[in-house]
Amino acid sequence: MDIRVQAAPFDFGAEAGAFARGRRDAGAIVTFAGIVRDDGGLARMELEHYPGMTERSLETIAAEATRRFGLLDCLVIHRHGSLTPGETIMMVATAAPHRADAFAAAEFLMDYLKSRAPFWKKEFGADGAAWVAAKDGDEDALGRWSQD
Amino acid sequence: MDIRVQAAPFDFGAEAGAFARGRRDAGAIVTFAGIVRDDGGLARMELEHYPGMTERSLETIAAEATRRFGLLDCLVIHRHGSLTPGETIMMVATAAPHRADAFAAAEFLMDYLKSRAPFWKKEFGADGAAWVAAKDGDEDALGRWSQD
Amino acid sequence: MIDVLYFAWVRERIGLPKERIETAAPTVAALVEELSAREDRYAAAFADLSALRVAVDQDLADFDAPLVGVREVAFFPPMTGG
Amino acid sequence: MIDVLYFAWVRERIGLPKERIETAAPTVAALVEELSAREDRYAAAFADLSALRVAVDQDLADFDAPLVGVREVAFFPPMTGG
């Protein structure tokens, strides 16, 4: 399990390759990368976070994904600070014996990270700056993971 | 849309990186890599395929995934021939504006590829060689994609 | 004349990957019967059709698919790629 | 003494990222009332609690969470990472 919160850029391909390399125990690797989308004149984005709580919450989410889906390994990298369109904001990677668990774990990580990890996006464009509003759908997405 | 069927190894990390690089239109990239798992003394695996039909079927599946999930791009690479544990058998990558579509499309591609693309695995181990049997679950997995 | 292809254990059981066959069989099922009657190795390969898949001109098809105008038929077990 | 942290537009509205507060408030909700009574910028930031989230010692909590023994409370809008 590898959790990194950093201002510095990272190389998604290199990280995905290193995560998968020589892994004889896992049949399935799933990765997700979030990219700053050029949505109608976005100049840049500022990602604020809560140092300390960010790492704690990501570790909790990753540990829960590992337990639920029997992961052999998982990786979360999330940037903060200033980002421009085309830059990679964050990535997750999961390794499991079979594909269903690797996919479910990556989606679980993303759903919880979206609504439970303390990051806030502010977008800067031609019309000024605005905080991104949380989507109801992101909170609703957690419902599908509730266990009886 | 990029479909490749090849005997040669490929670099999963390099392909994932190239697929995601500088993509200002897509907010979400999902990749899946299938790796030869070292499952109880497997020495190597032979992947047989049906040249011609293989490419056709992968193109059909990728085009359907693109249409259903509004993909901006997708990539499928699948090897044939001899593979040893730890080697990457195949990968898919999907790019979409939002994560739900990128995840669903990657799972759709994998489910259809498993049951509809003409590949057959033969495993060689200490106890001899045996063709891998299709799992009922793989055929069943297609049911979740049926549209009304 | 029709090209008939075999893959995986069907290929191994029949003992060749491909052959050209002169046939008047109107359907895939009729072709299977014709081949099965010809030699034991075909009968063995085609013994359980539920364990087999068929492609007609490189598209998955049913065993009752017609063979009129068809150039290529392939028999194989369920796929195990990915 | 308790450290109170503000993030995103809560931080902007209150005008600072962090302050130490001497309080006897027994719960988060009581602390919010105390701050809101103090100055308009707090009242403005805390006007709609349904638009806010709170963490107590870096764990997400409810507004009725007790403050006994707590070192750090943070207020912020719903998260938008990923």
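Every chain is named by a letter (A, B, C and D) in the order it is written, and numbering of its residues begins at 1.
Everything below uses one rule, namely that contacts are C-beta pairs under 8 Å (C-beta built on N, C-alpha and C of every residue); 3 or more make two chains touch, one makes a residue touch a chain.
Please read these numbers as outputs of a predicted model, since none were measured by experiment.
Chains that touch both chain A and chain C: B. Using the average of C-alpha coordinates as each chain's centre, D ends up farthest from chain B. If you average the CA atoms of chain B and of chain D, the two centres end up 48 Å from each other.
Taking each chain's centre as the mean of its C-alpha atoms, chain C lies 72 Å from chain D.
Chain A and chain B have centres, each the mean of its CA atoms, that are 23 Å apart.
In terms of their C-alpha centroids, the spacing between chain B and chain C amounts to 26 Å.
In chain C, the positions touching at least two other chains are 82. Contact of a single residue of chain A with at least two other chains is seen at positions 34, 99, 110.
Every pair of chains in contact is given here: A-B, A-D, B-C. On the side of chain B, the complex with chain C involves touching residues 34, 47-50, 52-53, 56, 78, 89-90, 110, 113-122, 131-134, 139.
Of all residues in chain A, only 11-18, 20-38, 85-86, 88, 97, 99, 102-103, 106-107, 110 touch chain B in the complex they form.
Here chain D touches chain A in the complex through residues 5, 7-9, 11, 55, 58-60, 74, 76-82, going by the rule given at the top.
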